[in-house]
Amino acid sequence: MKNECKECNIKTKKRSDEEKSNYIKRLNRIEGQIRGINKMVSDDRYCDDILIQISASVSALKSLGQELLENHMKTCMIDDINNKNYSSIDEIIELFRRLS
Amino acid sequence: MKNECKECNIKTKKRSDEEKSNYIKRLNRIEGQIRGINKMVSDDRYCDDILIQISASVSALKSLGQELLENHMKTCMIDDINNKNYSSIDEIIELFRRLS
Amino acid sequence: MKNECKECNIKTKKRSDEEKSNYIKRLNRIEGQIRGINKMVSDDRYCDDILIQISASVSALKSLGQELLENHMKTCMIDDINNKNYSSIDEIIELFRRLS
Amino acid sequence: MKNECKECNIKTKKRSDEEKSNYIKRLNRIEGQIRGINKMVSDDRYCDDILIQISASVSALKSLGQELLENHMKTCMIDDINNKNYSSIDEIIELFRRLS
(Lines give C-alpha, C1' and ligand atoms only; values in the text may rest on other atoms or scores of the structure.)
Protein backbone atom coordinates (compact mmCIF):
# COMPACT_ATOMS: atom_id res chain seq x y z
CA MET A 1 0.00 0.00 0.00
CA LYS A 2 2.85 2.30 0.83
CA ASN A 3 4.88 3.66 -2.06
CA GLU A 4 8.09 5.60 -2.08
CA CYS A 5 9.09 7.75 -5.04
CA LYS A 6 12.64 6.95 -6.18
CA GLU A 7 13.18 10.54 -7.33
CA CYS A 8 11.98 12.58 -4.38
CA ASN A 9 11.73 9.98 -1.57
CA ILE A 10 8.19 11.16 -0.82
CA LYS A 11 6.13 8.29 0.54
CA THR A 12 2.50 7.94 -0.46
CA LYS A 13 -0.42 5.71 0.45
CA LYS A 14 -3.55 5.10 -1.59
CA ARG A 15 -6.68 5.56 0.51
CA SER A 16 -10.30 4.86 -0.45
CA ASP A 17 -12.26 7.84 -1.82
CA GLU A 18 -14.55 7.56 1.18
CA GLU A 19 -11.70 7.72 3.72
CA LYS A 20 -10.06 10.58 1.86
CA SER A 21 -13.19 12.71 1.58
CA ASN A 22 -13.98 12.04 5.26
CA TYR A 23 -10.58 13.46 6.27
CA ILE A 24 -10.82 16.41 3.89
CA LYS A 25 -14.30 17.38 5.11
CA ARG A 26 -13.12 17.33 8.72
CA LEU A 27 -9.98 19.32 7.94
CA ASN A 28 -12.08 21.94 6.12
CA ARG A 29 -14.27 22.22 9.19
CA ILE A 30 -11.22 22.52 11.50
CA GLU A 31 -9.75 25.21 9.22
CA GLY A 32 -13.04 27.12 9.57
CA GLN A 33 -12.88 26.74 13.37
CA ILE A 34 -9.35 28.20 13.46
CA ARG A 35 -10.49 31.13 11.31
CA GLY A 36 -13.40 31.63 13.72
CA ILE A 37 -11.02 31.67 16.72
CA ASN A 38 -8.89 34.24 14.91
CA LYS A 39 -11.95 36.45 14.45
CA MET A 40 -12.86 36.04 18.14
CA VAL A 41 -9.39 37.31 19.11
CA SER A 42 -9.75 40.27 16.71
CA ASP A 43 -13.15 41.04 18.25
CA ASP A 44 -11.69 41.03 21.81
CA ARG A 45 -13.94 38.15 22.82
CA TYR A 46 -13.76 36.86 26.38
CA CYS A 47 -11.03 34.31 27.26
CA ASP A 48 -13.43 31.53 28.25
CA ASP A 49 -15.34 31.68 24.99
CA ILE A 50 -12.13 31.58 22.95
CA LEU A 51 -10.73 28.74 25.07
CA ILE A 52 -13.83 26.59 24.57
CA GLN A 53 -13.38 26.95 20.79
CA ILE A 54 -9.66 26.18 21.02
CA SER A 55 -10.34 23.03 23.05
CA ALA A 56 -13.01 21.97 20.53
CA SER A 57 -10.47 22.32 17.69
CA VAL A 58 -7.84 20.40 19.70
CA SER A 59 -10.37 17.57 20.20
CA ALA A 60 -11.35 17.55 16.53
CA LEU A 61 -7.69 17.38 15.41
CA LYS A 62 -6.77 14.69 17.95
CA SER A 63 -9.75 12.59 16.99
CA LEU A 64 -8.82 12.87 13.30
CA GLY A 65 -5.22 11.93 14.15
CA GLN A 66 -6.31 8.92 16.16
CA GLU A 67 -8.55 7.69 13.36
CA LEU A 68 -5.72 8.06 10.85
CA LEU A 69 -3.37 6.25 13.24
CA GLU A 70 -5.86 3.42 13.70
CA ASN A 71 -6.23 3.01 9.95
CA HIS A 72 -2.45 3.16 9.62
CA MET A 73 -2.07 0.31 12.13
CA LYS A 74 -4.72 -1.78 10.40
CA THR A 75 -3.15 -1.41 6.96
CA CYS A 76 0.49 -0.22 6.72
CA MET A 77 1.60 -1.68 10.06
CA ILE A 78 0.13 -5.10 9.27
CA ASP A 79 1.89 -5.01 5.87
CA ASP A 80 5.15 -4.04 7.53
CA ILE A 81 4.92 -6.85 10.08
CA ASN A 82 4.09 -9.35 7.35
CA ASN A 83 7.26 -8.15 5.63
CA LYS A 84 9.26 -8.57 8.88
CA ASN A 85 9.75 -4.80 9.04
CA TYR A 86 9.20 -3.95 12.69
CA SER A 87 10.49 -0.38 12.75
CA SER A 88 7.01 1.04 12.14
CA ILE A 89 6.04 -0.13 15.66
CA ASP A 90 8.45 2.37 17.22
CA GLU A 91 7.11 5.11 14.98
CA ILE A 92 3.55 4.28 16.04
CA ILE A 93 4.49 4.39 19.73
CA GLU A 94 6.08 7.79 19.16
CA LEU A 95 3.00 9.06 17.28
CA PHE A 96 0.65 7.87 20.03
CA ARG A 97 2.71 9.86 22.51
CA ARG A 98 2.60 13.00 20.41
CA LEU A 99 -1.13 12.74 19.83
CA SER A 100 -2.07 12.16 23.44
CA MET B 1 -11.36 44.07 32.28
CA LYS B 2 -14.24 41.83 31.34
CA ASN B 3 -17.27 43.51 29.75
CA GLU B 4 -20.65 42.10 28.95
CA CYS B 5 -22.88 43.71 26.34
CA LYS B 6 -26.37 44.32 27.73
CA GLU B 7 -27.96 43.87 24.29
CA CYS B 8 -26.34 40.66 23.06
CA ASN B 9 -24.76 39.18 26.25
CA ILE B 10 -21.47 38.76 24.40
CA LYS B 11 -18.56 39.11 26.82
CA THR B 12 -15.39 40.87 25.74
CA LYS B 13 -11.95 41.51 27.19
CA LYS B 14 -9.52 44.21 26.13
CA ARG B 15 -6.06 42.76 25.47
CA SER B 16 -2.83 44.63 24.71
CA ASP B 17 -1.99 45.08 21.01
CA GLU B 18 1.08 42.94 21.56
CA GLU B 19 -0.85 40.03 23.09
CA LYS B 20 -3.51 40.26 20.40
CA SER B 21 -1.09 40.28 17.48
CA ASN B 22 0.88 37.40 19.05
CA TYR B 23 -2.30 35.25 19.12
CA ILE B 24 -3.36 36.28 15.62
CA LYS B 25 0.05 35.48 14.12
CA ARG B 26 0.05 32.05 15.70
CA LEU B 27 -3.51 31.33 14.60
CA ASN B 28 -2.62 32.34 11.04
CA ARG B 29 0.28 29.90 11.16
CA ILE B 30 -1.95 27.10 12.53
CA GLU B 31 -4.53 27.80 9.81
CA GLY B 32 -1.74 27.39 7.25
CA GLN B 33 -0.68 24.10 8.88
CA ILE B 34 -4.23 22.75 8.65
CA ARG B 35 -4.41 23.73 4.99
CA GLY B 36 -1.08 21.96 4.47
CA ILE B 37 -2.41 18.78 6.11
CA ASN B 38 -5.46 18.95 3.84
CA LYS B 39 -3.18 19.11 0.81
CA MET B 40 -1.16 16.15 2.12
CA VAL B 41 -4.35 14.07 2.32
CA SER B 42 -5.33 15.14 -1.21
CA ASP B 43 -1.84 14.13 -2.41
CA ASP B 44 -2.15 10.65 -0.81
CA ARG B 45 0.82 11.35 1.44
CA TYR B 46 1.97 8.61 3.80
CA CYS B 47 0.19 8.29 7.20
CA ASP B 48 3.29 8.97 9.32
CA ASP B 49 4.06 12.22 7.54
CA ILE B 50 0.48 13.44 7.92
CA LEU B 51 0.37 12.38 11.57
CA ILE B 52 3.54 14.30 12.42
CA GLN B 53 1.95 17.45 11.00
CA ILE B 54 -1.32 16.81 12.86
CA SER B 55 0.56 16.37 16.15
CA ALA B 56 2.51 19.60 15.49
CA SER B 57 -0.78 21.48 14.99
CA VAL B 58 -2.26 19.92 18.14
CA SER B 59 0.81 21.09 20.10
CA ALA B 60 0.65 24.59 18.62
CA LEU B 61 -3.06 24.92 19.48
CA LYS B 62 -2.64 23.52 23.01
CA SER B 63 0.29 25.81 23.68
CA LEU B 64 -1.73 28.82 22.49
CA GLY B 65 -4.66 27.72 24.67
CA GLN B 66 -2.43 27.32 27.71
CA GLU B 67 -0.93 30.77 27.22
CA LEU B 68 -4.38 32.31 26.92
CA LEU B 69 -5.53 30.41 30.02
CA GLU B 70 -2.49 31.60 31.98
CA ASN B 71 -3.17 35.21 31.00
CA HIS B 72 -6.83 34.68 31.88
CA MET B 73 -5.88 33.48 35.37
CA LYS B 74 -3.49 36.40 35.90
CA THR B 75 -6.06 39.03 34.88
CA CYS B 76 -9.75 38.07 34.82
CA MET B 77 -9.52 35.40 37.56
CA ILE B 78 -7.69 37.74 39.94
CA ASP B 79 -10.35 40.42 39.26
CA ASP B 80 -13.12 37.88 39.90
CA ILE B 81 -11.58 36.75 43.17
CA ASN B 82 -11.09 40.35 44.29
CA ASN B 83 -14.82 40.78 43.59
CA LYS B 84 -15.64 37.64 45.62
CA ASN B 85 -16.79 35.93 42.46
CA TYR B 86 -15.38 32.43 42.70
CA SER B 87 -17.28 30.71 39.90
CA SER B 88 -14.49 31.37 37.40
CA ILE B 89 -12.32 28.87 39.32
CA ASP B 90 -14.61 26.01 38.32
CA GLU B 91 -14.58 27.22 34.71
CA ILE B 92 -10.77 27.28 34.76
CA ILE B 93 -10.57 23.74 36.15
CA GLU B 94 -12.92 22.61 33.37
CA LEU B 95 -10.83 24.41 30.72
CA PHE B 96 -7.59 22.89 31.98
CA ARG B 97 -9.18 19.46 31.63
CA ARG B 98 -10.34 20.12 28.09
CA LEU B 99 -6.97 21.51 27.02
CA SER B 100 -4.90 18.67 28.45
CA MET C 1 -4.63 28.24 56.18
CA LYS C 2 -1.10 27.58 55.02
CA ASN C 3 1.59 27.45 57.71
CA GLU C 4 5.32 27.30 57.38
CA CYS C 5 7.52 25.98 60.21
CA LYS C 6 10.33 28.41 60.99
CA GLU C 7 12.64 25.59 62.04
CA CYS C 8 12.30 23.15 59.17
CA ASN C 9 10.57 25.23 56.44
CA ILE C 10 8.00 22.47 56.00
CA LYS C 11 4.67 23.94 54.90
CA THR C 12 1.42 22.51 56.21
CA LYS C 13 -2.28 23.04 55.62
CA LYS C 14 -5.12 22.10 57.96
CA ARG C 15 -7.80 20.12 56.13
CA SER C 16 -11.20 19.01 57.44
CA ASP C 17 -11.34 15.48 58.91
CA GLU C 18 -13.73 14.54 56.12
CA GLU C 19 -11.42 15.74 53.35
CA LYS C 20 -8.43 14.06 54.97
CA SER C 21 -10.09 10.69 55.47
CA ASN C 22 -11.45 10.80 51.91
CA TYR C 23 -7.88 11.19 50.55
CA ILE C 24 -6.44 8.54 52.89
CA LYS C 25 -9.11 5.98 51.95
CA ARG C 26 -8.45 6.52 48.25
CA LEU C 27 -4.67 6.33 48.70
CA ASN C 28 -5.06 3.06 50.63
CA ARG C 29 -7.11 1.69 47.76
CA ILE C 30 -4.52 2.84 45.19
CA GLU C 31 -1.73 1.26 47.26
CA GLY C 32 -3.68 -2.01 47.16
CA GLN C 33 -4.09 -1.70 43.38
CA ILE C 34 -0.32 -1.26 42.94
CA ARG C 35 0.30 -4.33 45.10
CA GLY C 36 -2.20 -6.21 42.96
CA ILE C 37 -0.39 -5.18 39.76
CA ASN C 38 2.89 -6.34 41.30
CA LYS C 39 1.34 -9.75 41.99
CA MET C 40 0.01 -9.92 38.40
CA VAL C 41 3.56 -9.38 37.10
CA SER C 42 4.90 -12.07 39.44
CA ASP C 43 2.18 -14.44 38.21
CA ASP C 44 3.12 -13.82 34.53
CA ARG C 45 -0.32 -12.39 33.80
CA TYR C 46 -1.11 -11.27 30.26
CA CYS C 47 -0.06 -7.73 29.20
CA ASP C 48 -3.58 -6.49 28.48
CA ASP C 49 -4.87 -7.46 31.91
CA ILE C 50 -1.94 -5.77 33.65
CA LEU C 51 -2.29 -2.67 31.48
CA ILE C 52 -5.99 -2.28 32.30
CA GLN C 53 -5.10 -2.29 36.01
CA ILE C 54 -2.24 0.19 35.47
CA SER C 55 -4.55 2.57 33.59
CA ALA C 56 -7.16 2.26 36.37
CA SER C 57 -4.51 3.25 38.95
CA VAL C 58 -3.35 6.15 36.78
CA SER C 59 -6.96 7.40 36.57
CA ALA C 60 -7.49 7.02 40.32
CA LEU C 61 -4.30 8.96 41.10
CA LYS C 62 -5.03 11.71 38.56
CA SER C 63 -8.56 12.12 39.83
CA LEU C 64 -7.28 12.40 43.41
CA GLY C 65 -4.67 14.95 42.27
CA GLN C 66 -7.26 17.00 40.43
CA GLU C 67 -9.56 17.06 43.46
CA LEU C 68 -6.68 18.18 45.70
CA LEU C 69 -5.72 20.84 43.15
CA GLU C 70 -9.32 22.09 42.97
CA ASN C 71 -9.50 22.37 46.75
CA HIS C 72 -6.10 24.08 46.73
CA MET C 73 -7.38 26.69 44.27
CA LYS C 74 -10.55 27.28 46.29
CA THR C 75 -8.68 27.80 49.57
CA CYS C 76 -4.92 28.53 49.46
CA MET C 77 -4.96 30.26 46.05
CA ILE C 78 -7.83 32.56 47.04
CA ASP C 79 -5.96 33.42 50.28
CA ASP C 80 -2.78 34.11 48.30
CA ILE C 81 -4.57 36.38 45.85
CA ASN C 82 -6.28 38.25 48.69
CA ASN C 83 -2.77 38.77 50.10
CA LYS C 84 -1.53 40.04 46.70
CA ASN C 85 0.71 36.98 46.39
CA TYR C 86 0.30 35.86 42.79
CA SER C 87 3.16 33.36 42.54
CA SER C 88 0.86 30.45 43.40
CA ILE C 89 -0.87 30.93 40.04
CA ASP C 90 2.30 29.88 38.21
CA GLU C 91 2.67 26.87 40.50
CA ILE C 92 -0.92 25.86 39.77
CA ILE C 93 -0.39 26.13 36.01
CA GLU C 94 2.70 23.94 36.37
CA LEU C 95 0.80 21.37 38.48
CA PHE C 96 -2.07 21.21 35.99
CA ARG C 97 0.45 20.42 33.29
CA ARG C 98 2.08 17.67 35.31
CA LEU C 99 -1.24 16.11 36.26
CA SER C 100 -2.66 16.06 32.75
CA MET D 1 4.00 -16.53 24.09
CA LYS D 2 0.46 -15.94 25.29
CA ASN D 3 -1.21 -18.86 27.07
CA GLU D 4 -4.78 -19.25 28.20
CA CYS D 5 -5.70 -21.69 30.97
CA LYS D 6 -8.59 -23.95 29.89
CA GLU D 7 -9.89 -24.22 33.45
CA CYS D 8 -9.92 -20.60 34.60
CA ASN D 9 -9.52 -18.64 31.31
CA ILE D 10 -6.71 -16.64 32.88
CA LYS D 11 -4.23 -15.58 30.21
CA THR D 12 -0.52 -15.54 30.96
CA LYS D 13 2.64 -14.46 29.20
CA LYS D 14 6.17 -15.62 29.97
CA ARG D 15 8.54 -12.65 30.34
CA SER D 16 12.32 -12.69 30.78
CA ASP D 17 13.60 -12.61 34.37
CA GLU D 18 15.19 -9.26 33.61
CA GLU D 19 11.97 -7.69 32.30
CA LYS D 20 9.99 -9.12 35.22
CA SER D 21 12.37 -7.90 37.91
CA ASN D 22 12.54 -4.46 36.24
CA TYR D 23 8.74 -4.12 36.50
CA ILE D 24 8.62 -5.46 40.06
CA LYS D 25 11.33 -3.08 41.28
CA ARG D 26 9.52 -0.11 39.78
CA LEU D 27 6.16 -1.19 41.20
CA ASN D 28 7.75 -1.56 44.65
CA ARG D 29 9.09 1.97 44.34
CA ILE D 30 5.68 3.30 43.23
CA GLU D 31 4.01 1.50 46.16
CA GLY D 32 6.47 3.27 48.47
CA GLN D 33 5.66 6.62 46.83
CA ILE D 34 1.92 6.10 47.41
CA ARG D 35 2.59 5.22 51.05
CA GLY D 36 4.66 8.41 51.32
CA ILE D 37 1.82 10.50 49.87
CA ASN D 38 -0.54 8.92 52.39
CA LYS D 39 1.79 9.96 55.22
CA MET D 40 1.99 13.50 53.80
CA VAL D 41 -1.82 13.76 53.93
CA SER D 42 -1.83 12.44 57.51
CA ASP D 43 0.83 15.03 58.41
CA ASP D 44 -1.27 17.90 56.94
CA ARG D 45 1.44 18.69 54.41
CA TYR D 46 0.90 21.59 52.01
CA CYS D 47 -1.10 20.93 48.80
CA ASP D 48 1.73 21.78 46.39
CA ASP D 49 4.14 19.34 48.00
CA ILE D 50 1.58 16.54 47.93
CA LEU D 51 0.63 17.32 44.32
CA ILE D 52 4.25 17.18 43.15
CA GLN D 53 4.52 13.67 44.64
CA ILE D 54 1.19 12.61 43.09
CA SER D 55 2.32 13.82 39.66
CA ALA D 56 5.64 11.96 40.07
CA SER D 57 3.74 8.73 40.81
CA VAL D 58 1.41 9.31 37.85
CA SER D 59 4.48 9.74 35.59
CA ALA D 60 6.16 6.63 36.99
CA LEU D 61 3.02 4.52 36.46
CA LYS D 62 2.39 5.87 32.95
CA SER D 63 5.99 5.27 31.96
CA LEU D 64 5.80 1.68 33.24
CA GLY D 65 2.53 1.18 31.36
CA GLN D 66 3.99 2.55 28.15
CA GLU D 67 7.02 0.28 28.41
CA LEU D 68 4.80 -2.74 29.00
CA LEU D 69 2.61 -1.71 26.06
CA GLU D 70 5.66 -1.33 23.80
CA ASN D 71 6.89 -4.78 24.75
CA HIS D 72 3.37 -6.12 24.22
CA MET D 73 3.31 -4.69 20.69
CA LYS D 74 6.75 -6.10 19.88
CA THR D 75 5.88 -9.62 21.04
CA CYS D 76 2.20 -10.55 21.47
CA MET D 77 0.88 -8.18 18.80
CA ILE D 78 3.38 -9.40 16.20
CA ASP D 79 2.43 -13.01 17.05
CA ASP D 80 -1.26 -12.14 16.73
CA ILE D 81 -0.77 -10.48 13.34
CA ASN D 82 1.29 -13.42 12.11
CA ASN D 83 -1.67 -15.60 13.14
CA LYS D 84 -4.08 -13.29 11.25
CA ASN D 85 -5.65 -12.26 14.56
CA TYR D 86 -6.12 -8.52 14.25
CA SER D 87 -8.36 -7.89 17.25
CA SER D 88 -5.38 -7.06 19.47
CA ILE D 89 -4.86 -3.86 17.42
CA ASP D 90 -8.15 -2.46 18.69
CA GLU D 91 -7.23 -3.41 22.25
CA ILE D 92 -3.89 -1.62 21.87
CA ILE D 93 -5.56 1.54 20.56
CA GLU D 94 -7.91 1.44 23.55
CA LEU D 95 -4.98 0.95 25.97
CA PHE D 96 -3.01 3.83 24.45
CA ARG D 97 -6.02 6.06 25.02
CA ARG D 98 -6.42 4.99 28.64
CA LEU D 99 -2.70 5.45 29.38
CA SER D 100 -2.40 8.91 27.84
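Letters A, B, C and D mark the chains in the order given here, with residues in each chain numbered from 1 onward.
Keep in mind that, in the parts below, a contact is a pair of C-beta atoms (placed from the backbone, for glycine too) under 8 Å apart; a residue touches a chain by one contact, two chains touch by 3 or more.
Please read these numbers as outputs of a predicted model, since none were measured by experiment.
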{"item": "Cα-superposition angle relating the copies chain D and chain B, to nearest 5°", "value": "180"}
{"item": "Averaged-CA centre spacing for the pair chain C and chain A, given as whole angstrom", "value": "33"}
{"item": "CA centroid of chain A to CA centroid of chain B, Å", "value": "19"}
{"item": "Centroid spacing, where centroids are CA-atom means, of chain B and chain C in whole angstrom", "value": "27"}
{"item": "Junction residues of chain C, two or more chains touched", "value": "69"}
{"item": "In contact (per the touch rule at the top): chain pairs", "value": "A-B, A-D, B-C, C-D"}
{"item": "Contact set on chain C toward chain D in their complex", "value": "2, 10-15, 20, 23-24, 27-28, 30-31, 34-35, 37-38, 41-52, 54-55, 57-59, 61-62, 64-65, 68-69, 71-72, 76, 88, 91, 95, 98-99"}
{"item": "Chain A - residues contacting chain D, complex", "value": "66, 69-70, 73-74, 77-78, 81-82, 86, 89, 92-93, 96-97, 99-100"}
